[in-house]
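Think of it as A, B, C and D in the order they're written, each chain with its own count starting at 1.
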Amino acid sequence: MIIILRADATDEQIEHVLERIERLGLTAHLSRGTYRTVIGIIGDEAKIAVAPLQAIPAVAQVVPVLPPFKLASAEAHPKPSIIEVGHVKFGGGYVGMIAGPCAVESREQMDAIGSAIRDGGANILRGGAFKPRTSPYSFQGLGEDGLKILRDTGNKYGMPVVTEIIDPRHIDLIHEYVDMFQIGARNMQNFVLLTEVGRTTKPILLKRGMSATVKDLLMSAEYILSQGNPNVILCERGIKGFDPETRNLFDVAAVPAVKAISHLPIIVDPSHATGRLDLIPCCALAGVAAGSDGVHLEVHHCPEEALSDGQQSLRPEQYAQLAGQIRDLVTLFDKKISPVGEASQ
Amino acid sequence: MIIILRADATDEQIEHVLERIERLGLTAHLSRGTYRTVIGIIGDEAKIAVAPLQAIPAVAQVVPVLPPFKLASAEAHPKPSIIEVGHVKFGGGYVGMIAGPCAVESREQMDAIGSAIRDGGANILRGGAFKPRTSPYSFQGLGEDGLKILRDTGNKYGMPVVTEIIDPRHIDLIHEYVDMFQIGARNMQNFVLLTEVGRTTKPILLKRGMSATVKDLLMSAEYILSQGNPNVILCERGIKGFDPETRNLFDVAAVPAVKAISHLPIIVDPSHATGRLDLIPCCALAGVAAGSDGVHLEVHHCPEEALSDGQQSLRPEQYAQLAGQIRDLVTLFDKKISPVGEASQ
Amino acid sequence: MIIILRADATDEQIEHVLERIERLGLTAHLSRGTYRTVIGIIGDEAKIAVAPLQAIPAVAQVVPVLPPFKLASAEAHPKPSIIEVGHVKFGGGYVGMIAGPCAVESREQMDAIGSAIRDGGANILRGGAFKPRTSPYSFQGLGEDGLKILRDTGNKYGMPVVTEIIDPRHIDLIHEYVDMFQIGARNMQNFVLLTEVGRTTKPILLKRGMSATVKDLLMSAEYILSQGNPNVILCERGIKGFDPETRNLFDVAAVPAVKAISHLPIIVDPSHATGRLDLIPCCALAGVAAGSDGVHLEVHHCPEEALSDGQQSLRPEQYAQLAGQIRDLVTLFDKKISPVGEASQ
Amino acid sequence: MIIILRADATDEQIEHVLERIERLGLTAHLSRGTYRTVIGIIGDEAKIAVAPLQAIPAVAQVVPVLPPFKLASAEAHPKPSIIEVGHVKFGGGYVGMIAGPCAVESREQMDAIGSAIRDGGANILRGGAFKPRTSPYSFQGLGEDGLKILRDTGNKYGMPVVTEIIDPRHIDLIHEYVDMFQIGARNMQNFVLLTEVGRTTKPILLKRGMSATVKDLLMSAEYILSQGNPNVILCERGIKGFDPETRNLFDVAAVPAVKAISHLPIIVDPSHATGRLDLIPCCALAGVAAGSDGVHLEVHHCPEEALSDGQQSLRPEQYAQLAGQIRDLVTLFDKKISPVGEASQ
């Protein structure tokens, strides 16, 4: 950590800063420049928080040298992690294909979609049972009935399943039914939820919050890892931007930016990132070309009847065509897609 | 609701859209323009969701005419609401003065701060007992011990108290100790938490999320109101911006923008909005001049020893000076500040 | 155009709006809904501006039905345009490869870079002679000497050349030396410059401004087209975002978003978009996978000696490797790259 | 300047960095920490640019210690500057009142508005003669005829005048007619224009660009100052944000943020910042409460007939009422407003 002092810092103030650092068992290294005095701190940065130092009047700026996350960092784990969801791999050369409707609506709907996406090229089935809707007057999900349908459909078509958790009191219930928990963008900094899922050993699909930086995302992953669960898959799904042309701003550079500092796999979700059916295929391919470890897509057999997110759902035949193009790219980049499993029902 | 069709929409497609609208018991009103065909929908807009309509291929754009929130709207309740927290009023000409440390750290700390801010001009005491920290390695709060200290300090100095709730399982515990629940910015779209606090009757301080629009904020208020709790106070605390000069971007225009479409009071929190001690006073005064119904400020008697947010905490003497300037503005604008109460301990 | 009236609009006010519309020779179409009255305007939308209508007290919202640009729109020209820069094609299945240093520094530097990128796979040479530097104390470019070196190097290696224009008084000078003018991001709404280059017939490389929406970018293209010059190539080079992880936010979805509404080619510039050497290759490939009609990259044979933008310049061997991967993608998507020309010197 | 090296930097690489620094006549100060090695540079930071250092492979981060602007900094000139426009003062306790229409449309229009705002409380008259319109099909201004009308109206009512310059070739023409040049937001980084106006001695009203940070704004001011013109007044007029509730995002915290690091006066323009008539008064008062040295407001006697920006123009009676409230605030804060001058016509 480096502390840059104000130009008008007095000797007494500098002395005060040095004392505080040394009281913490750290070594301070003073450099008096032509214009500014700078203190380098040598020792374990974790002993000292940025905030209180900035509250000292003589301090102009505090520059951390290490990232505030450890377990998620590439320094802790230099090789890319491979996370397994059932038999399906993400990361380290494997590209996962997650697809399904926004919400589980009925057994018939899930069967139609599950069958179609399996044939189209998906290897993980998604579907929401508890929906975080921005309006209290919107469809909120089927709850446990939805979980059962999701599980049964996954079994029937040999695909592990993932669903979103929004309430820490649902942890045992959902744990029983799914292969992966999803933490949605709006809950990326719901630390209560992060702690709960961190105490399980199931893989976690952690979506980036709309106002989260890449480092914020890794900090939320760190929450889960610090509880003992190493199985985190990150997901870029669009952040807030100023252009209403797309619902969110698809930050494709986040894919290599995460890989530069972390070992965790990261996938892309162009459905939520763009909110526009006509842009999803191009953005999915862009994500894979940028190095994404997976693609998450919303698919519905009848988008205009969907109870949520119809405007951004691909039809099964659109999905199959896109999945074919993704496979070509995956091959070009010498990567692999895990096959679907045996039907277990 | 208005539906703008694509330039290439066929008669058959237009017919399909009209049928869907009429099946819902609504009246469709077709206008064929020189370049585009437009359908106006007459009837209760709530019967029809935007999303599925946008999934129909012939539809270019869907323009809602009514805001998606009702109970929070100025149309539902044309006069400004006055919300009472204990004996302290917010809105309709009353300006509330909330102050206190980021986190409750000890009985001595709270006594020192409580006494000082009461003398300085605050009428509500804040303090965190369960902290939503971005790092799993940071101080997480004193829990129930913190709630007790907060309650006792409030009683001793005649100030109602407010604390943040982050876990729906804490609702009964916190309910016992405080006069107002705070929903933090990171939980503004934690719909589980919004529903829980909506089932109580205590006032709710709802902070704007960092990526929330003004309408998103009102939609979250609607969640609480729709559960039966009418006592919501909104809070502008800075949104995401691109300039690192301040921690967040203080959107002072949100104050009159909320008042233009809602009856709910809105206060400002310049401590979190700017994250810079030297900018807080100017931004607090700006908020009051813009019509804010209250000011929320972090105060600590020894910021550099604070366990969290030290760099944005005013010292008690800085708070007293600023509170005096706020009082002058409140008087200039013909508004009032509720007095502190009797010590009840 | 659709005008949504305020809920409290009086009959007299509605009458006033109708009169104004009809005075302009347009037909107004009134729909009185359950909650709101709406007026559809039939006729040439260009006759009426949005702004003055919004100034009428009874008007709540004005919704344009047509985009405000015409010549740049896909409706005006349904097939993708192919723009030729010398013998090199962009758009309609052709991918252009622009490369070179940020600034022309010397004849030796340009020769080293020009030779290397030609061998690496570029077909257009770039180099700045007049630099728009944010600091008045930075290197401002070699001026006409730089233009001569650029021209000679392009001739020697058979590559058409492009340079940025920043001053309308340079139009004739630069016209003499280059095959394409570049309008930089900071000048995207410099309407004086847009008008000047619009009066030439040389192709224009128009970079998206950092705070420009996709429609703003097309509106600036419209400026050029409206002066009679149809040869505009758009360029996505990163917009303002809140995450300091990258210098700008690479909006890869802008590529298909532009193609959905315009016939103009659009290329990507990952050098400026990310500002980080380690992210450039992934973002370049992402751009091509998203459908980009070209790739613009900064290359320098000795980045740490570069007089500007050294930290985002690829070394020639890095460029050659990336260009090879781009070619593989171009082949996969059944597109083409124009070959370099004969040396003409 | 501080250079943080990568964790894997070799001794040879560190030696290379040290050599480069010393070749420039600077002193390098090496600190080897537990996790990272850091180099402090002592001497004149201006000798070394950030960019090329970042291009060296072993370098992780370069942290400048001094701001890149000098003449505009508070360190160069610790007391606030007072800038005089004719007899009207801005800064150092003086609040300027600039008002007028977006565009000069006719002599009658300017007379009606000039007379009304003088009575209402303005002391500087604004009006555009050359308009930077986003659409090539919009009204572009009256040119020199507009300048004459502006000058005559200012003389008649004793108010200095300001107009926007958009073309460097207009510098002499506009110089003849006005008391202050305005550089619009879209031209804040038009360095050609900044250089031209920097060679005059007339005051410059420099508007903040929509994607400019506070430091970018000061860097553009530095351009003007570095040419010899010390008379720069900055203007906060809204930056890009994600909420469509307001046209731009009014960054009121920029007012004290500028004052913390610069001696230059800064005013606010709530008309452009919000684009909404109903929010302008609250935001104008917020700006003054935050310490603004002036208020810039668009006023039109008949907004719905205005040729531009009608929807954000106050009517004269609205202006007079708001100006009265501003005067009350100015008095409360112990500041002054320069009186209007004698009619000189």
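Structural remarks
One rule holds in what follows: contacts are C-beta pairs under 8 Å (C-beta built on N, C-alpha and C of every residue); 3 or more make two chains touch, one makes a residue touch a chain.
Source: prediction; values computed, not measured.
Traced through touching neighbours, the fewest hops from chain B to chain C number 1. Most remote chain with respect to chain B, judged by CA-atom centres, is C. With each centre defined as the average position of its C-alpha atoms, the distance from chain A to chain B rounds to 27 Å. With each centre defined as the average position of its C-alpha atoms, the distance from chain B to chain D rounds to 32 Å.
Residue positions 211, 239-242, 244 of chain B each touch two or more of the other chains. The residues of chain A lying in touch with chain C in their complex are 211, 213-215, 239-246, 249-257, 260, 273-274, 276, 278-279, 282-283, 285-291, 328-329, 332.
Per the touch definition, chain D reaches chain A in the complex via residues 2, 4, 7, 29, 31-36, 38, 40-45, 63, 65-66, 75, 240-242, 244.
Per the touch definition, chain B reaches chain A in the complex via residues 20, 46, 49-56, 68-69, 132-138, 166-169, 186-187, 189-192, 195, 209-211, 216, 219-220, 222-223, 226-227, 239-240, 277, 303-306, 308-311, 313.
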